[in-house]
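In the two complexes below, chain A is the common chain; its partner is chain B in one and chain C in the other.
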Partner chain A sequence: MTDRTGTRRGFLRRLGAAAGASAVYDAMRTLGHAAESDFTRVPPLAKPDGRTSVAVLGAGLAGLVASYELSRAGYDVTVLEYQARIGGRNITLRGGDRLVEMGSPAQDVHFAPGNYFNPGPWRIPYHHAGLLHYCATLGVALEPFVETNYNSLLHSAAHFGGRPQRYRDVAVDYAGYTAELLTKAINTQALETGLSRDERRDVLQALRLTGALDPSGQYHASDAMALTRGYAKEPGAGENGAPVPSRPLPRGELMASGLWQAIAFHQTYEMQTTMFQPAGGMDMISRAFIPHVGHLVRLKSQVAAIRQDEHGVSVDYTRLEDGTRATLHADFCICALPLPILDQLSCQVSSELKAAIGGIAYHSSVKIGLEFRRRFWEQDDAIYGGISFTDQTISQISYPSHGYLSRGPGVLLGGYMFGESAMYLAGMTPAERIALARKEGAAIHPQYDKEFSNGVSIAWSRVPWTLGCCSNWSDQARQTHYRNLVRMDRRVVLAGEHASYVGCWQEGAVLSALNAVTQVNARAHGGQHA
Partner chain B sequence: MRKSAALLGLVCALSAAPSARADSATSAGAATGALATLRDGGQIYAHVCQGCHMRDGRGGLGAGAAIPALAGNGKLEDASYPAYIVLHGEGGMPDLDTMLTDKQVAAVVNYVRTHFGNHAPDQIDAATVHDIR
Partner chain C sequence: MTDRTGTRRGFLRRLGAAAGASAVYDAMRTLGHAAESDFTRVPPLAKPDGRTSVAVLGAGLAGLVASYELSRAGYDVTVLEYQARIGGRNITLRGGDRLVEMGSPAQDVHFAPGNYFNPGPWRIPYHHAGLLHYCATLGVALEPFVETNYNSLLHSAAHFGGRPQRYRDVAVDYAGYTAELLTKAINTQALETGLSRDERRDVLQALRLTGALDPSGQYHASDAMALTRGYAKEPGAGENGAPVPSRPLPRGELMASGLWQAIAFHQTYEMQTTMFQPAGGMDMISRAFIPHVGHLVRLKSQVAAIRQDEHGVSVDYTRLEDGTRATLHADFCICALPLPILDQLSCQVSSELKAAIGGIAYHSSVKIGLEFRRRFWEQDDAIYGGISFTDQTISQISYPSHGYLSRGPGVLLGGYMFGESAMYLAGMTPAERIALARKEGAAIHPQYDKEFSNGVSIAWSRVPWTLGCCSNWSDQARQTHYRNLVRMDRRVVLAGEHASYVGCWQEGAVLSALNAVTQVNARAHGGQHA
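Take a look at the complex of A and B:
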């Protein structure tokens, strides 16, 4: 753009390159270089000969996608769902909702009208093409989810006196100091770089630009630095309008603080922008399936046993409404129940599949939603969406990516953790979790104390219909169990995020459902079973 | 029940790479380490176990599936069984072998076997846990 001699031509050349970019991307996907999701299109399903019935177990996203595609193709589909709602982990909590965990007092949600909290999945990477396909097909309105916000905060209790630092300052200083060090090393020939003279010049130029260095290769408060790092005094108008560049954080403490870990996190493929969220809450996706498949779902149906023989599948279940037992007969079964549940049911499948079902651990995860009387993070701190990270138990605070600048109460993600921290919080009562989230959050936002209104938390290990958050595959388990888990076992095939390489994401549920319906369709048309 | 996978040794949630945790959104700076200082079986239980097995050790009943009660559980009779399950998990329960030391496993197993109405006469020591690991 600063190319004076050929700005326009340069632009057109870039445009031409962009036109070919999708082809390049398709080729990369084919080669597996960008293989987060291998969705290209919904596999074509042939209309079955005569009546072919499929029992779908679980009305989460996998069950919904499977039912949608099969019923569209002419299959006779019945869905059994334990809960009194459709959607599974595709769930949103709003004022008036009640959350029930095992062994915890029930939580009533008191959010103001219009506010919500996604206790399960909350964001959709742009390359999760299968899920985006269903959002587009079913008319689910999407809006940007702000993943990376340069004005968000990074906090370590043990560094910088416990004062949170802006993401921008950490990111720019990290790049600046490392560029400065590398420049010095190259210039003093301290490194055996093997760089040619030309390449050396190019590298130094790149370091100077990306590290906001001055012409001598130094990183210090300067106009060049201010272009990326901003100002101690913002540029203005009038007599005192001149800006004052900001000053970098001390290098030693920055490196010791570990705050730079957030940079690497946002750079991971799954977190790269553009990120989406459904407008109004994540459950807008499962709700959008209801007009198409809602009539096929038998709610409050608790599966007890799955039996199969050469003629078909029988699923024994309890109608929770009145406690009566019933059996659903079908030609095939797509089982989209979480593995910790399925593992404990009577399930007539091969010993290999049985071992796979019991062989996958589930993550523990806790999420906390907090409502405050006003959006102080916007009004006082100019933080609009994004995530602040902390080395405290709560791990992070995320700000709503919608309703900017509105008056009235707003809902924060006041904590989101996996692993040890999640196990610790799952062992607390909901009231104790809220108290901890308020205390730790106040170290980052002192406004917490004055502005807190109410909150709700979910410990996924205590959710009666999942007994865990999502699958935690190890490389060993992949080798031992993955093929057995995703292959049709006579007339039964599994679906759900666990039956994919995109575990813990909704995209995995979508792809697994398409894999399952493809196998059912092949069998229904006389294909050999594995 | 996890059989071959347990023997092969699944890594626990904490040691999983960020990419394997997918939507966890946990930056590597997330809090860990509070557990590392704990020696008392009761504290370890509160920190790691009661999120599923509950404060009173009675577990929970879900959708046709349960988190097992530790209270009055006959499977705790031989200490090596709970030690094995703590290390290697079962079903949805994560493997805790990389999260807990031998001493911590022994402490929490001894705690569970002498609380919630359990009255085991014997104790397991870290060396025995090490052999099971």
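Take a look at the complex of A and C:
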């Protein structure tokens, strides 16, 4: 197949024109259809007979959920956590925080009071019922995360002269042109569509309405189109208040631009509205666990080895405060450490589980938070939350879904990358990443130059306590390793987003923790398996 | 044309299958393309020479904006308001409030503390820049109004056995089936599509992605489809965590159902995300004006007559407290009364303006607020905000866009009708309307019966201070009357949503007020016309 440029590389570049949407979309396809949740209720745990202790490794969301449920049920729980904070990848950066990557200069965050940036998870699909259960139970206030914003921008350097287009125009024009084409195909009857007469009539009606077509089935500037596409001159009041309809983008350029990838992106199950975020920052969730399990957590405790025999589990760890070694003994162990960390420990488990721990790749991802002196995206461009996509390296810009119309500085997500782009940026210093995000972002928002204040960047592959963003299951790995990874290994069972089919989402961590405590509970009551 | 039922009536019924969406959509088409706003900034007003007084009639949003701007500029403003409150149709009902319609028993609102219901305007498009300006200026906190919710329900009594369908399934299947049909049409080449070879390739790629088609261009249950349509068995954790893709709705039934009308509805310019609501209730906007103009308002003042001569304007009114008559003299008058009210007054204006005042029809509309003992729509059905549509009389059910996951009672919009349905319900007592809403709503949410607590209903045609919901401009009326309606008549100028091209939206009231103050200001400085 020969394309316009005559090269496969050119073809791929064109296919990936709106690389922002497409890269994330592709990433999702590789995440084992990471999506929603089979949570219905917290599994009932029976009070253990006598003292039964559980060592939980890692105070990320999986470790927090596991220790919360086990301690509620009467288990004796101790949590070992490497960091000086709980939450793991459930993290929010605010002014005064310090972010440390391996081999990068430490970054001090300079955001204004009240501003924040979620470098890890930042949104919660409505169907992540397990996570929502804990938000409701622990009183975490949720607010909508604006995922689809018709006034956000889609940008391809190679199309429309590099001018960003409104999502509205792309979505409405795409619906209109394809409806027009199909209407023509049906009307000419030159084609065996396989539609009955009734269905033909129904489809034509639907196309006319959803495509904003005129009565003859054409998509062109008209009052009907203006109902969806808006106006060149907006309606107003006074004698000159009459509006003028806008004109559609040229069909060929629209189709060649690839900007329609954003439509598919927003329609994926994981991205469909209603989407949530915790008010005040994602770490409001992990913070809400503190009153319940905070006293069980030993911070600054670096696990070195996990040993087990028929009587129990021993976890050797280093107290980072003073470098002393200690051992935690327990009847069972729930290990909620990220696999790249776990893979480096001495771990007394089956060879199958060892192979699984070492056999699952991790995504790299980079996020960049930029603070500007004012919310120019709202004040100048009427963009309130949502995401703009670009085929530049930064892939996307996302605007805060809170504090709308407020004065003073605001923080946006100035870049969010997976895959090759993330690898590329992870090789830079944080300052270089921020400089890149500023340069590329200015192609979409010229106000960047004047309004920039400060920024922070995270390359998850360089974060010492995860060494990656999240699990990247291939179909092959799923087939070979999944059952071995999630099955209890004598007295040790794994938890974390990697130990689920909802990889890379907090929901996976929650569900895996519930699975782990169920298995521990069954074993504590004499069952060989859950 | 003969359809399945052989009658035109049957055809129309089928066309209007999802009457909820279609009725509102049709209503919008008749509103003069009521949509967005041409607001860019508040027009600068010059300080008047000496004392210049303005009588503002009506303390709804138009009257409030006009008095705010004029008093800021140094004009001497007095506002006459019929009600004992300011805000007009910008109103929120809470427990303890009393609602009075003409010829209906008064309704006392029994909502639990913190719950509320907006019987008038309830959402703000992001492009209503004038209204947003005042929210920002006056410090009104805004939060997203969830307009499109993929997990909301679409219900047609005559289709799918009366079982409500998820918006997600309808939207994704419609996109998939139409993409499949067009792909087939393009591939068979039996048709002159008018597509170049390049464009053909681009369109096929776009269809495959946006329609979740398989590589052969077919729409059927698959992993690709599951990325948008979700799963029959959701992904989880543990050994049985693997998901099972869901299956699409049958194409013929989907197309015949008319449920796709909701897709077009959500894509209209007025309904596109990001949509807002003031946190705490719509009347937070009118309340925010009180510190600035509250002292200018004479409440419980019923206007009887507007007179004018070359020296000024005289407004006769009745003090409702004690029934005494009074007259307000001013240099100019901004009349922001709804037209059905103004049409009943003695009004000394040109015959053209009189004809305009009497020549514009008003919409009837009915809204019903229902409080339930718990938020079953969230707890049982995972519906967080958004709208479910039905072809029953109630037309739609909308869920609160705030207080997500909270315990205790919640208030939803149990019905919202325009046109014939509104007329039908306006003929009922409030109790009868609520009974109807409960009965019809139970077809969508069986929990209605057990969980119902109390309700309130408004029929705007029976509200004594508006006698209708909002202006219903025909093209004919627009041509004959618009210019006469918005042009200053000697010393009197009209304001209100009716005096704009953004009819039935608060933005129209704002823009009309800015137009009115601009005209008054020009006249005060010696101009004959604005």
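Going forward, the second predicted complex is superposed on the first by the 493 of 530 C-alpha atoms of A that agree within 3 Å, B and C clash if a C-alpha of one lies under 4 Å from a C-alpha of the other, contacts with A are read in each partner's own complex, and residues count from 1 in each chain.
As a working rule, a residue touches a chain if its C-beta (ideal position, glycine included) is under 8 Å from a C-beta of that chain, and two chains touch if they have at least 3 such contacts.
Computed from a predicted model, the values in this text were never measured in an experiment.
Of the two partner chains placed around the shared chain by superposition, chain C is the only one that A:Ala179 touches, whereas chain B remains out of contact.
In the superposed model, A:Tyr404 makes contact with chain C only, not with chain B. In the superposed model, A:Gln218 makes contact with neither chain B nor chain C. The partner of chain A that touches more of its residues, comparing chain B with chain C, is C. In the superposed model, A:Asn515 lies in contact with chain C only, and not with chain B. Of the two partner chains placed by the overlay, chain B and chain C both lie in contact with A:Val502. By the touch criterion defined above, A:Asn472 reaches chain B but does not reach chain C. Contacts of A:Thr268 after superposition: both chain B and chain C are touched. Of the two partner chains, neither chain B nor chain C is touched by A:Ser350. Of the two partner chains placed around the shared chain by superposition, chain B is the only one that A:Ala361 touches, whereas chain C remains out of contact. The interface of chain A with chain B overlaps its interface with chain C at residues 258, 261, 264, 268-269, 502. Of all residues in chain C, only 3-4, 15, 25, 28-29, 32-39, 126-127, 129, 132, 135-136, 142-144, 146, 148-151, 168, 171-172, 174-175, 178-179, 181-182, 184-186, 188, 190-196, 198-199, 201-203, 205-207, 209-210, 212, 223, 226-231, 233-239, 241-243, 251-252, 255-256, 258, 260-261, 263-264, 267-269, 272-274, 276, 382, 384-386, 401, 404-405, 407, 482-483, 486-487, 499-502, 508, 511-512, 514-515, 518-519, 530 touch chain A in the complex they form.
By the touch rule above, chain B contacts chain A in their complex via residues 1-6, 8-14, 16, 18-32, 34-35, 46-52, 54-55, 58, 60-67, 89-95, 99. Chain A makes touch with chain B in their complex at residues 82, 102-103, 121-123, 154, 156, 258-259, 261-262, 264-265, 268-271, 302-304, 318, 338-341, 343-345, 355, 358-365, 387, 389-396, 398, 416-427, 459, 461-468, 470, 472-474, 476-477, 480-481, 502-505.
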